[in-house]
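Both complexes below contain subunit A, partnered by subunit B and then by subunit C.
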Partner chain A sequence: MAGDVDPSLMQDFLTEAGELIEQLDADLVRLEQEKDTAKQQEMLNSVFRALHTVKGAASFLGLEEVIRFAHAAEDALNRLRKGEVAVTQRVMDSLLRSVDVLRGQIDSLNNNEPVEQCPDDLLKALRAITTGESQSADDGGQSTTADSQPQVQGAQSTEPEPIQSNARPLKLPAQKQDLVEFMVADLNDAGAQIDQCLEQARSAGTRTDAAEHMVELADSMGKTADFFELPDLTQLIAAFGGAAAKLADTPDVLLDDMLVRMAAVRELARQQAEALDKGLVLSWPTQTLIDRLNSLAQGQKLDDAVAGKHSQCVEGVLALDGVVAAQPTAPSNNQPQVKQDTSDAAGASGSTDPGDAGDGNDNNAKNPGASSAKAGTTVAEQTIRVEVGRLESLLNLVGQLVLTKNRFLGMTRKMRDLHLPHETLEDMAQAAGELDRLTGNLQVGVMRTRMQPLAKLFDRYPRVIRDMARMTEKKLNLELVGKDTEVDKSVLELLADPLVHILRNSADHGVESPQKRIAAGKSETGTIRLSAEHQGSHVRVEVYDDGKGLDRDVLGRKAIEKGLTTQDELATLSDDEVFRFIFAAGFSTAEKVSDLSGRGVGMDVVRTNIAKLNGVVNVSSVKGEGTTIEILIPLTVAIMPAMVVGVGMHLYAVPLQSIIEIVRPEAASVHSVSGQPVMRLRDAVLPLLDMRSRLGEIGPENGNRFAVVVGVGQQRVGLLVDKLIGQQEVVIKPLDDEYTTGGPFSGATIREDGDVSLILDVVQLIRTAGTGQEKAAA
Partner chain B sequence: MSTSATATAPSAQAATENATQRDTVRQTDGELLQLVSFVVGNEEFAIPILSVQEINRMMQITRVPQSPPFIEGVINLRGKIIPVMDLRKRFGMKAGDAGNDNDNRIIVVEVASRVIGFTVDRVNEVLRIGSEIVEPPPSMVAGVESDYVEGVGKLDDRLLILLNLERLFSGADLQKVDQAVKTAK
Partner chain C sequence: MKILLVDDSKTMRNIQKGILTQLGYTEVQEACDGLDALSKVGAFTPDLLLVDWNMPNMDGLTFVKQFRAKGSKAPIIMVTTEAEKSRVVEAIKAGVNNYVVKPFTPDGLGERIKETLARVAAA
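What follows is the complex of A and B.
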């Protein structure tokens, strides 16, 4: 059946399931660490809800494999919820693995691959949890009832008792009692969908689809009602389903009578859901309503006295069919109640976790056609999902707009020399200024649509650290700070891998084993802190661990071994420069290669990915006390401010972020230290890099050159350029063909006059500053 | 000669008939090859018309320091940055004597989904020739390594060197040329 599903629905499901699974993962890890039973319970509920939502959506789309497996996991989880199984590492291992399998299944669906079956051993482990076997091995003592194998749906075992009063307390076996909350959510969910269907059923074009959908909904609602022993509701829903099945064939004259009665059933279901939440069961004299629905379904007209006398509202028909006494104050329209329902449901389940938001989305996802009908009344819809491609093309357009604006501004400046009337020039300048401002705002606005909180990444890492801790048998504690910090989507993506590598390194190489830590007088548990904050136009992400720190001697020895430096050179290097070797490809100080790290690939990935983002990585470390790795990246990668400078005959752009200052060195302050020109800048010595020879530029010598002081980390170099043109917003265009990648450029940009300027890659310039000079000397 | 075989697609024919007034049709029995011919140095070359994206007048080319010598630089092609190759240098011909500068053109081609431009002294014409008059390349053609020569077309009064663009612009070959140029220095 999965094949028949509307691809857009499928896509919605996959996106949403992906998000829920991320949340599941995070919640489960938190759950394991949580000691407070009340909070544990809350998290279990949240986890359960998320899993249930995935399952629900999967069953709607008929994804058998996913349902089967989610169901098994849910059963196991349910035992935890009820406190029949304690939260132990073994249980959590199985549950976390389940989440992985689920994620794998969703991924396969995403890639249009067949969904893999759940591994048997995992299913067995889950069943073991469910049935309580082997659990004593873990913690013993816990009282269990091996007979209860909770089923969320489908189990039916009771004879309905006659009900007389309108409301009676709900009496259910404990194991069902537990699920009432979900029943309420399900009913509300289905109700909201029915509202949409009923709306669609009014127009002939969509009636057949809507009817089919309602039959399905009635089927599942009926089962739920039956499961909770609600005979009135069960009967009503059965009649509703019967009517829905015949809806497409119903003559137009009967349609009104029928639809309003279907809406009435839905209203009764809503009331029941509300009452259920308070632990009450409602009953009504529904026979007339059911009879009339049935006869309408068979195409029989109602008595003239009744037909069309429902005054077009649910209350009308309920009164007419004798279900309730007429209520003058009752709302006359269904729509506002739907809204209320959803908020009620959210409020009733008393939760603030995103699982509920997921439920809300469900409705929209499943009924895209109906959302327009709802749009007028729904308040919940404050976000929309937009395809990334559209945002991308918007950003491209804005990039081009910025270029055109730059050209335009350049032209206005030239026009000043044209001796035009003063007023014309002023108008022109004003318009240009306005354009500049608006483009700037637009650019910021578009860029902000692409911003996402780092939480999207950070929330994955507790799991990574947990697994690391399990595998390395260390005690690790991960602190997350500032995960609300927002960055561009592309930054987020490129940051994902580096952070995992850094965290793994910290956990594997940084933090010591508990024994060693105690011996060193530290606390047994190692702390890894991942923090993020905005710093001007940059985002600063820092990974700190209180482990053993980097060892200069070990790193130095290894670097010499790898031929990265020589004994003599090593002595002259600062600690920072030595620590930097960890970023070299294939560099690893680990004695043995483990599953987790030690192959010397990770930090290389960090360096390349951060370089792609025009970012900077810094390492600082105190031996015995810990290591800090700091990543600085610009907020966005597409547009950046730059200083345009002239070297020889050409213009180049230097990213403003890496410029520290610009000075004009006097001839007297420039010296040469072993062939390397340097200048004295205040109380420091600044190496100079002659850009003219570095870039092979020719042209008239300019005796009065500028030194653009650029810095990466602690390193400073002065770039000697011939002239300064000015500051400009530049749109970065990649130089990714294989012919032009050799030079020290991070990309190219288009100038005001339409010509191309290259953007200097400061990191590369600084790195090659020394070697370039050596070559020149040789 | 599979690349140019596709050039005989009817739609392409119609398009180029509009595009050029100097369309030359040659008598033929076999397949029709539709080519753009141009001059570099003293030789006349031809490439399949379908691989040509556009032909531009000379424009400002920004030199990219430390790129291979036969890369003239990059140009701004309506907001896209594309590399431009100097075919003279690529073919190891002497620089200079490019004829009338006004005739110089940048031909922008799409090869293996990459867009790249190259400079030529002059663009001649769009022509159609029968595949039967194309002969496989002799082992050495006038200073051009025969690797990227697809064949030689014999016209009434002249020879046409048919280029294989994919090989002309393939990275591995370029590195070889790059090395050769460097060692020659």
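What follows is the complex of A and C.
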């Protein structure tokens, strides 16, 4: 279908269309909620623009299915935009579904699959919006034009014939010809305003205002005349404008001569408009009229033979200035006829498209204009698209640079022992420091190129919540906080699904039905708040709902049923630990599996995806008041600060983010509880994990061991290590899954001395510490 | 012959640019909306502008008004759709010299450009 299309153009289109569709989706959902009609209008314009762009580009690429469908949707949308169809849920359902179909079509194109046809029922629904509900409006529009037509014709029949003799057929390129009727309406409209202004210009009090208005009118009329390739009229109007500009300064003695000539120009414009309507162009010898207007504008008196000889009427001037041959039959009813004509025309144009659309457009232009003027450069975003692959490789290079820098820093430290001259060492240290700083900046800079605002994700969710609300018949309000928060692209991608699952869960299981909410003394509408913020080197994303909260008893029972815990063990678990069961695979407390959630897959995805990001999920909930799910994720997954520790013969890296503190256990404070070594740390008991045995390290026992206290959520474990090397930025090199399964490693990194260290997976360690305990107990 | 393309859609710009290249116009710059275009006309001084109507931040009409208000005389071809045609009069009053309806063929656009330039040369 689009086989002959330049593939890079196609790729551009698909990328852009994808973005636009996201925007469409978000805007439509906001639109439905928006009460302020001005803002609604603004959103409709934005929606229309997005759809329109997709359609426009698709038509160039010959994507028939996409065009056909986008066109139907656009027509429907246009009705909304003109206010002819109200924003109702039913209309929005159709429009939102259209977006889905469009997204499907774009996806198919992306995957080189044949584009699906638009479902007929949807197409029908769209057409119903376009035609059915707007029938009356459409008729109205047509009848006004139909009405005005015969009247114009009627006026023409009384037209003095002699003027017609200088008429020739109008020859214009087709696309300009198409607009002639609009131009006629517009000229008449402007003419009516000029009549009024000329009246006002007679009295000194209103003269200045009237003159200013006429200058503006002349400007647009002149441009119109030029567009329609009417040089005569263009020149006349230019002279008219010049006179209007000087009107306020014109001495009274010249005023009459000037105003009557301005009225003459206006009359010629009227005649021209009439002729145009019949497909004719008139031409006159207008040079004298123009010259006289120009000299009057310059404050020059006309020749005595001419000055004041216009007999106070337009016909008189036209004859005097040789525009038309003097006619005894010049109809004196011309003036009222003009008035009648133009008022009709003004009425017609007021109720038809150009006026309305023009107004809407002006508003539209003003609002963003005002805001963009303030925001300036931030709005006119200067962006370039870069392939992700290139950024990826850039980040890789920076990673290696960081490693090399680490090696270099290590070497400079060693050189201190080499008894080199003091100055050389000083220089080295300085250069090393500089390198350290620059690499740091470079790393931050490159990382920032991969950062994207969470808005990219968050903006999808109003739609999710809207659909949930429709399906569950609940009233839901989604609050988005901090969507400008930026995270690494990979984080963004891995976060997308978990958030959908959490939100669905909150909407489906968290928030109660309106009846139950009212019974519980809450507001009918449930609130779900999705917020994000930076916390140090982490991003904290929180989903809060003011629903019924989690029930410890129900969860506990279910957990025992699933064999996740035992009755005895359950008693010892804290609330938070019980709540964590919701993340277990296949865990669902929903009585029935709904379309939306309850299959018990969702929250498991949350846990696994967050774990992939080295993140942490916490749940807190108050029964009857609501649930908060908190996700903490490191800003980037590629480079992280870590503590390098020595165990036996090797060095390992422990992610700094999970380290809470490091202590040196006194032999006296270490005990053993059912085979598990523990130590007393302040008022709590901390389980210890001997890393030597856990990692199978051998080597001389070091009496002075350290306990690196790490934590995930509320769980704490002390890792017993032999040595502390220091804090370092480590670049994470992923390990193939085959090697890491079972092993508590999340990756590897290259140290400053060039050797490889494994990065300890704290989550895994803590989990196995738990199972180890269980085994010991069993 | 310097041409400034003003359109918010990169795809559209690429397509138009392709057509312009086919037509032998190679000195083409792009702007993504009215504001962007206003910031570029000063340095680029285009001999012809192709301006889309519907754009974020500043639409084509507003741009034409402001561009003309600066006294710039360079011819402007408005790019519109069938649906917007009735509004083109607004743009004409603001000083647009010609318009072309999307989707257009290379010949169609070439025709418009020739027409427009011929009129400017004649004036």
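Worth a mention:
Operating definition for what follows: the second predicted complex is superposed on the first by the 519 of 778 C-alpha atoms of A that agree within 3 Å, B and C clash if a C-alpha of one lies under 4 Å from a C-alpha of the other, contacts with A are read in each partner's own complex, and residues count from 1 in each chain.
One rule holds in what follows: a residue touches a chain if its C-beta (ideal position, glycine included) is under 8 Å from a C-beta of that chain, and two chains touch if they have at least 3 such contacts.
This is a predicted model, so every value here is computed, not measured.
Once the two complexes are laid over each other on the shared chain, residue contacts for A:S220 go to subunit C alone; subunit B is not touched.
In the superposition on chain A, contact of A:F13 is made with subunit C only, not with subunit B.
Look at A:L758: by the touch rule set out above, it reaches subunit B but stays clear of subunit C.
In the superposition on chain A, A:E74 makes contact with subunit C only, while subunit B stays out of contact range. In the superposed model, A:G104 makes contact with neither subunit B nor subunit C. Of the two partner chains, neither subunit B nor subunit C is touched by A:P687.
Annotation for subunit A, partner touching more residues between subunit B and subunit C: C. Those residues of subunit C lying in contact with subunit A across their complex are 8-12, 14-15, 18, 32-33, 35-36, 39, 54-59, 61-62, 68, 81, 83-90, 92-103, 111-112, 115, 119, 123. Of all residues in subunit B, only 60, 62-68, 71, 73-76, 79-83, 85, 114, 116, 171, 174 touch subunit A in the complex they form. Across the interface of their complex, subunit B is touched by residues 400, 403, 650, 694-697, 733-735, 737-745, 748, 750, 754-758 of subunit A.
Residues 6, 9, 12-13, 16-17, 45-46, 48-49, 52-53, 56-57, 59-60, 74, 78, 173, 175-176, 178-179, 182-183, 186, 220-221, 223-224, 226-227, 229, 352-354, 357-358, 361, 364-365, 368-369, 372, 379-380, 385 of subunit A are the ones that touch subunit C when the two sit in their complex.
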